[in-house]
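In the two complexes that follow, chain A is the common piece, with chain B as its partner first and chain C second.
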Partner chain A sequence: MNASRSAAIFAWMLLAPALIYVIAIVAYPLVDTIILSFTDTALKKTVNWVGWDNYVRIFKSGFDVIILRTVVWTFFSVSIKMIIGVLGATLLNAAVPGRAIFRVLTMPPWIVPMAIGIFMWGWMYNGQFGMISGLLQRFGLVDGPVAFLAYGSTAFWATIFTDVWIGVPLVTLYMLAAIQSIPKDLYEAAWVDGASRLYRLRRITLPLIAPSLITISMISLISTFNSFDIIWILTRGGPSGETTTMIIDTYKTAFGSYKYGEGSARVVLVAMCLSVFCFFYFRIVNKLAATQER
Partner chain B sequence: MSRMTKVTLGAAAMLMAGTALAMAADQTISWIYCGDTIDPIHQKYIKEWEGKNPGWSVKPELVGWDQCQDKATTLAVAGNPVAMAYVGSRTLKQFAENDLIVPVPMTDDEKKTYYPNIVDTVTFQDTQWGIPIAFSTKALYWNKDLFKAAGLDPETPPKTWAEEIADAKQIKEKTGIAGYGLPAKTFDNTMHQFMHWVYTNNGKVTDGDKITLDSPEVLAALKAYKDITPYSVEGATAYEQNEIRAIFLDGKVGMIQAGSGAANLLKKTKINWGVAPLPLGPSAKGPGTLLITDSLAIFKGTGVEGKATEFAKFITSPGPQGEYELQGGAGLTPLRPSPKVDEFVKADPTWKPFIDGIAYGGPEPLFKDYKGFQNVMIEMVQSVVTGAAEPEAALKKAAADLEQYK
Partner chain C sequence: MIDKYTWYEKVGIYLGIFVFLSFVLSPFVEGFLVSLKPMHQLFSSPYSFWPKEGSFDAYFRIWETVPFLWLYILNGIFIAVVATFLGLCMIIPAAYALARIEFRGRGATLSGFLMVNMFSGAVLLIPLYRLMRETGLLNTYFAMIVPGTAFILGTGIWLLRAYMLRIPKELEEAAFADGASRFYTFRRVVLPLAMPGILIAGINCFLTVYAQQFIYALTFNSKSEYMPLSVGLFAFFGRQEVTWNELMAASIVGITPVMIVFFFLQKYLVAGLTAGAVKS
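The block that comes next holds the complex of A and B.
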């Protein structure tokens, strides 16, 4: 009895640092934010409990459109990053001369400080001084300057493109590591059996990199969903709110208008959306693990 | 009493006296100061004030412009306010209504020292809530070479909106270069730029607690915006004021509304330019402009409100303030008329239009949620500029939306 009790105490002692860390860094702020979301906390010194008012106000103010826009923005950005990342990793894994140089060349978007990279893109999208508009005019593809950040549709895609540019190197390197971990004898055996390149990709590469692909997708999805810097620096959510995502809207409410209570309600909704994604992620991961065990 | 006890008590008394002295010397006025450096003029007068007020010190804390207002606000809300902060006067009502700052009433004599309408920028509920420390107005810059190339008289800038729109059209059609630079990005100065049109047509956004945005004067301004857009820089919603200024500095636009800082930059270019009062709308009574002031706000709950007010009034008094704003290159419009200002304008006549506009200028409207107001105005302007809404409908919607923020 005593031995099992001391074993339990020892186990708790081992767990304690991690538990304290999780409580201090995750649990306490989360609970506090949830409580705050049910109050009218703002600049004023008094705080009142307002029940579901903040949530009702959010959905009456067209937040559903912002949620949908965020999901679409995230979907396209993550999908493009994954496609380019997997293709890039496959190419970088190929035995071509100068492979090391190509690998290094994928890094700059990741190495350049993010804000500087975004400002650079801001200038490239500029209609008057920007390189893209200049090239389009030089090749006679457009009549005059095109300000890509001026219109909802082009600004939306411009922000996605910049996010893809920043995010691709991480995905590529992660997938390259996954591809390199596949035993070479599997490919040799398939080659001896006469399997084509496509067949090998479909039946060996993709199944074996699937766990890594799902993990990096999830990491990319969370960071893209919460991506703030790119949109804020390029468009501040404009024009006419066409690039306002959930995180931009949350920032504007909480720190622009100093409505901390309503801002917290938006944070809770962001967390809920990401929790749904995580739920599906873990289901897929568990399914994959079960399949591999069989 | 033993010698030992006497020594102990003596030491304790000396320690207490020392602590009291230290406490007396420890009275500080913390000041959130926006920018990268503390202006040497301010440094000089801080020292002078400290010399006259023994036991008091002023501790400016430099905070970048982007975070300056937020830092002062966050500290105040968290119950740890600074004594004094440099804030946009537009936010004073929001601070006052939330009991974060104390009023700083001005005497009639103090009010009389300022140019007309300046005190309105810090007045709410018949009292003042800040002391103006920085001021800016706008004027019209035009590119004389582009005017000439378009067949316009390069020495005659437009005086009315109708002339301005016609000139912009002619420049665009004759040279292929944008006639006007209209900034409409999701940015605060999109609202500022529109307010210049409102105040050059005798318009108003609020009258006391009443929203007066939906008026013929403001509608005319919005219609003028719609009319000038086809001859403006392509993609107005991609540019804010300083980005439009960069295009003007590159010789790629005929006219812009800008502050005095543009003149300093233009002097370093080969552009042949001129500066004139902002063109007037059909209902104008005289030259106008939006009067933008930044103020020193005194925060509540520091225990040094009185002394901070005293210092704020000293540093913004005609002597130090005049020296600060007339040092040249700062791009600040003088807050008060004075013989020195007259000399300054005589020496550099490009300043005249910036001062002429004050007469019929108006303040940034004070709202309890200033950002809410700003967003509504930006949305209104963008919807008209992009053709998503007609001016009448956009104005009605904006006027209705503003009710929640007043």
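The block that comes next holds the complex of A and C.
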């Protein structure tokens, strides 16, 4: 009894720095956001309680469109990342000469500052002189220049495409690690029984990497939902708000119009969406933690 | 024999890898080629992939047009290094406690740390801005380091805990039996054994802060001399005409130092991915 109590005290001592830090930099700001969301805090000196006014105003100003857009943006970005990631991992797992180099070459988008990669995409999307429009014209796929970031529909897909590009290395290498952790004798047994390569992929690889795929898609889901840099640098939420996701919307309200109170209310709504993901995330995390301890 | 491919399978694999890597690397290739092109070739139709009168002029000009370029590069690295160091000071003891000591609330604490990841990036920007302003940290290095550090703790603890779980318990128990204190055991027995895990967690922390410092630097700092590369170069877009060739040259120069270092550390990068999630 005494030993376990001293162990517990020691544990909390070790945890204290991290806990205090998180309380100060994450938990306190979170509470502050909720309080602010019921005020009209802005650049002016006075602050008044406004009750639910901010929330009422948000939903009267077409917030449902922004939520829907965020969900669609996130859904397509995460799904495409997973598809390309699994395909890439399968290819990089093939026992062909040069695969060690191919794996290293997958990393760059992941190990450069995100913003720098986005600058490069900004040029590639340029309508008159950019590479994508230029190549499409050369191959006769489009008639004239396409200014990808100037129109809502193309800008929407262009930002998704860049988000996919940034996320793909992590997903690919993570899934590659998952594929490599599958015991080799499973494949050999299937091979002896005459199972084709495609059959082995479908019946051994895919089922066994499914848990890892779920984990990485949850991680990816959260970072994609919170994605800011890409849209802000490429379009600033434009043209005419057509790439404004919930996060961009909170930023524009708070730091574009200096409406901190209303911005906070929008953040609270973001946090509520996140907590829905959170629920599923923790079911997975707890399962994983138990696996690790075994 | 199981790994033998027919010739058409080989062609298919290489073709697939070619398409995949083209997607991943094309912005870098195009960025490099743009940095070689003079402005009048950039702004001419039809588009040409190869530079016609290519030169490295832009690489010499950037030191004048971006006088702080060296500083931007160093700032980005400095912010990430300090955040990683601060982070590890908190991650190592916390990971040890969560891996080795049985106490009530352990599972909930681990989940709590991971929950922090959900609020990374722009979510807490408004209150953090107020916090930075009240504490006088606005427009200092700490305005970028402090939030950066908070959002590496969860993943760092998760990775290091997973590593520590695989270290045999016997050594600690032996030290304990010899009468060593808990703290002594932690410092002299556990820490040396956990070194590779600490390296993996540290690299992960560094990369996260290094890649994602844009938003904090954009919002919490307006002093040029503290800007990291990403925000320093963002200023190109505020000019009359974006000199793309110089922007690309500065970007490539800016990302090279860290790229080179990571080329040598890549096995730890991949190890980080495996340690955290995939059962080994």
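Here is the rule we go by: the second predicted complex is superposed on the first by the 250 of 294 C-alpha atoms of A that agree within 3 Å, B and C clash if a C-alpha of one lies under 4 Å from a C-alpha of the other, contacts with A are read in each partner's own complex, and residues count from 1 in each chain.
Methods note: a residue touches a chain if its C-beta (ideal position, glycine included) is under 8 Å from a C-beta of that chain, and two chains touch if they have at least 3 such contacts.
Model, not experiment: these values are computed from the prediction.
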item	value
Contacts of A:278 with chain B and chain C, given as first, second, both or neither	second
Partner chain in contact with A:227 - chain B first, chain C second, else both or neither	second
First, second, both or neither for A:128, with chain B first and chain C second	both
Which superposed partner A:241 touches (first chain B, second chain C, both, neither)	first
Which partner, chain B or chain C, touches more chain A residues	C
Contacts of A:149 with chain B and chain C, given as first, second, both or neither	first
Partner chain(s) touched by A:255 [first = chain B, second = chain C, both, neither]	both
Overlapping contact positions on chain A, where the chain C interface meets the chain B interface	128-129, 145, 255
Complex contact set, residues of chain B against chain A	70, 73, 76-77, 94-95, 97-100, 176, 184-187, 233-239, 243, 246-247, 250, 252, 369, 371-372, 375, 378-379, 382-383, 386, 388
Touching residues (chain side chain A, partner chain C) in the complex	4, 6-8, 10-15, 17-19, 21-22, 25-26, 28-30, 32-33, 36, 84, 87-88, 91-92, 94-96, 102-117, 119-121, 123-124, 128-131, 133-135, 137-138, 145, 165, 168-170, 173-174, 177-178, 181, 187-188, 191, 197, 212, 215-216, 222-223, 226-229, 232-233, 247, 250-251, 254-255, 260, 263-264, 267, 270-271, 274-275, 277-278, 281-282, 285-286, 288-289, 291-293
Complex interface listing, chain A residues touching chain B	42-45, 125-129, 144-151, 155, 235-241, 252, 255-258
Chain C to chain A touching residues, read off their complex	2-3, 5, 9-10, 13-14, 16-17, 20-21, 23-28, 30-31, 34, 42-49, 76, 89-91, 93-94, 96-98, 101-104, 106-107, 109-131, 146-147, 149-150, 153, 157, 161-162, 165, 182, 186, 207, 210-215, 219, 228-231, 233-234, 236-237, 244, 247-248, 251, 254-255, 258-259, 262-263, 266, 269-270, 273-274, 277-280
